[in-house]
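Once you've had a glance at the structure underneath, I'll fire off some questions.
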């Protein structure tokens, strides 16, 4: 049975449109559900005061600080490593056994369950390297975890920069590194930022690996060597242990808002950048 | 971009170095049993009000983490709530600071008020699988247990005896999740720390004895397990101060008020 | 980095490029060191294929967990991959750019929602629904697959969108100019051109699904049992590790690390298969 | 006409891509400050030859070259020869205009800034003079900061030419620079070239034999990787020595 192309197109569009609608509906439902349950608790006071009685009452200030610090450490370590790897793979080598090994390594790393990262981080950073349960241990573990995401997305982004840009740059007397810095990276930036945002998302959202490496102390961290509890861990403990469902949803709502703000900022910066050049 | 990055890195290094030198307060880290963690946090807070020079941090992870971290000195005090400590822990000094009753709980909508030890055994073994067999409605039983190795589960199984858990049993990894699962499922039965009973679930009598602090202290209630603090060698210095505080009248009073059973 | 010179830069980058593989090796080394001796001493076949998991009684068979992991992951891919790819294609090819500009950030926002929130939604909304509508304990393979499938949607969608968008417009124009409809162009030119990115997206999504721990623990029920139907409660390999690690000592602890080894091997096999299929499809490239 | 000194000289030049040989033992001397036109059918090795002159072929894996090319008597394939410096001396204009995704101004100063020119005033001057030399200054002088991508095809190609001029090179390579342009833009580029040859050595690969006849001082005819005929443009087009040349320029094959 062959349908005329026009009807195939309509059918395809309909099916995909419905799929999209369903997907968006589910995702929007989750956001609205969290916000609806969480927003009533949220306020400046909730955000900026210390928790009391294991989080049953009071706010989540130390948790917010812990989350930000942990994510920053993870991103600060993983971004240069990930983007550097992507640059090496696309710009500095040809397809060879080495690149295949590196890619395979990255893919495997992407598949490693967070719990294994947690165990590893606990044995290696916390115990052997004597960093203890700390933001640093947690950040390093998370950096390992988000590294493959950043490598993969940056690689795709860098690959999609047209070769002609590189040729022009070389023909104008640029070295490879200058070409990478001035032409390739700027053009690939939106894709790289997407990767980093995904990485931020994963670090903020991680629970298992964080509990084992950064611990779950509810106190305000005073240095990177202090233990800290992230918002996800806080949510998990509050919700699962049934300490306070309200504060759990409040924490989740703030998580959602935080990520929204980060994304908006990144998009704003990126759009300005793209508009300037195209 | 590179320069900014370098500056960022150097700043971070600087912060790390400061962090290394800046800590003048004596630090005590406690880690282990998730069941005892909330109580330890509360006790630590009270302790630090009286001893501002000592910083006590409490981490979870589970009893095994408590033993591991005490052995590796990642934590000065390990917390374990096992009835019998494993081989690895025999070089550690164990101090019992509290006891904990294990309550058998069902959904508040359940008619059943009490069970015998034999009935509990058969329910968890899967021999009894409908509530009508123990005087309830005609509904299947959803058994909810803890993960293998859990202090609560080990103690529960050892005291009840002869339990080979039904394959269908749902497994939850903490007291809180057992409580939530039983609260959400009308057919469920589970067991949890006596201190965590609330209005969302209903404890049942075991052989006619209610799970209350009084019954536990006078030894009538059967399901009880100890909470140990583990240290390398005899506790001394700040570590001793922390443990002594927990054993003091005030500490034990807090333990009692929080729902655990004091040892003294 | 000017002071490094071209050669210096190359060397630094080569060093960096090995960070991922060294991280992998380091992790694998630790897990294998702790887990492999146990597998050998206990007997690989008994460990992998027996379905008795009773750590207290010294019985360690992980076959039910292997089956469960496969079921839940497959289920999640069945939910996540078609929805995600369809959504990405529709958004890039059939929706005005301006609308896309709003939707894509929203989707990326969802990538940041912690898995535990998805898990909690599963416990509060999905599991009761399954329990009342379809029967069983609610915490089940189905619940796990749906929650994981939804959870990996943002990852799949956002990476797929990026790769579809990077297909040069001249391809589309070329095809349209030859009289193909918009859909034919999408399906015969654009999507094949973006295939490597889409597959990468699906692999990343699958990685997340296999590796997810907390959400699965919350919604799958964790019973050690080979599932017969989608309504049965199951325990995945990851859940097995995370559930019991807190309390495991001695042989039990080794058995959990051994579970990690098995997980690692499964993931490597999956990745090799995926990698092979990409290379085959991509042909000479 | 051969009075100008030799700028570039290729001796026994062979190029390979994997097992395939693209250039068959080529010998050619290119005089300074003239326009050399290279004509020949597709696949005759014109572009390969052109890209060997600034070693852009180095970027292609499996590409290999034998023989020698000298620039002012220096072997540019000598291991110690600085490729980056070479490319600054030998600029190249591609078949399709490729403005970098930056503003017009930034496109022009891309090369100079890499060579370390940081003085704003000097850069401003450089931008104006190179845009003027490429006959595009009047069209863009009021929007130097707008994205180069927004220019029309013909403007983009002249911008690319200006970008090369800003490098102050010695040699300019042009690879079918007008293949995508309208006659007016083409005329502007050709006009620019005839003026530029007073300062630069220009090598123009073209598919359009008439263009070679119009602007080139000397013309070379390539066929299947070999140099068939090479001489002053007038002679090559009026009295070709080789039958294949006359067949090609009269349009009988190719």
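Labels A, B, C and D are assigned to the chains in the order they are written; within every chain, residues are numbered from 1.
The definition used in the following text is that contacts are C-beta pairs under 8 Å (C-beta built on N, C-alpha and C of every residue); 3 or more make two chains touch, one makes a residue touch a chain.
Quick caveat: nothing in here was measured; it's all calculated off a predicted structure.
Student: Going by the stated contact rule, which chains contact chain C and chain D alike?
Tutor: Touching chain C and chain D alike, sorted by label: A.
Student: What's the minimum number of touch steps needed to get from chain B to chain D?
Tutor: 2
Student: Hey, which chain is the most central one here, using CA centres?
Tutor: Smallest centre-to-centre distance to the global C-alpha mean: chain A.
Student: Which chain's centre, taken as the mean of its Cα atoms, is farthest from the centre of chain A?
Tutor: D
Student: With centres defined as the mean C-alpha position, give me the chain A-chain C separation in Å.
Tutor: 15
Student: Can you compute the centre-to-centre distance for chain B and chain C, using the mean CA position of each chain? Integer Å is fine.
Tutor: Each chain's C-alpha centroid was found; their separation is 33 Å.
Student: So the centre of each chain is just the mean of its C-alpha atoms; given that, what is the distance between chain A and chain D in Å?
Tutor: 47
Student: Name the residues of chain C that each touch 2 or more other chains.
Tutor: Residues 1, 218, 242, 245 of chain C each touch two or more of the other chains.
Student: If I count partner chains per residue in chain A, which residues reach a count of at least 2?
Tutor: Where chain A meets two or more other chains at a single residue, that happens at 80, 162, 175, 240.
Student: What chain-chain pairs meet the touch criterion?
Tutor: Here the touching pairs of chains are A-B, A-C, A-D, B-C.
Student: Which residues of chain A touch chain B once you look at their complex with the stated criterion?
Tutor: 53-54, 73, 76, 80, 122, 126-127, 132-133, 136, 181, 211-212, 215-219, 222-227, 240-243
Student: If we count contacts the way the header does, which residues on chain C are in touch with chain B in the complex?
Tutor: For chain C paired with chain B, touching residues are 1, 53-57, 123, 127-128, 131, 137-139, 217-218, 221-225, 233, 235, 242-250, 252-253.
Student: Would you pull the chain B residues touching chain C in the complex into a rising list?
Tutor: Its residues touching chain C are 2, 34, 60-65, 67, 82, 86-89, 142, 147-151, 154, 157, 164-165, 167-173, 177, 180-181, 184-185.
Student: Applying the document's contact rule, which stretches of chain B touch chain A when the two form their complex?
Tutor: The touching residues are 1, 5, 8-9, 12, 15-16, 18-20, 22-23, 29, 31, 38, 41-42, 57-61, 65, 69, 72, 74, 174-177, 179-180, 183, 196, 198, 200.
Student: Spell out the residues on chain D that touch chain A in their complex, using ranges where they run on.
Tutor: 54, 56, 59, 61, 84-85, 87-88, 91-92, 94, 96, 98, 100-103, 110-111, 114-115, 147, 149, 160, 163-164, 167
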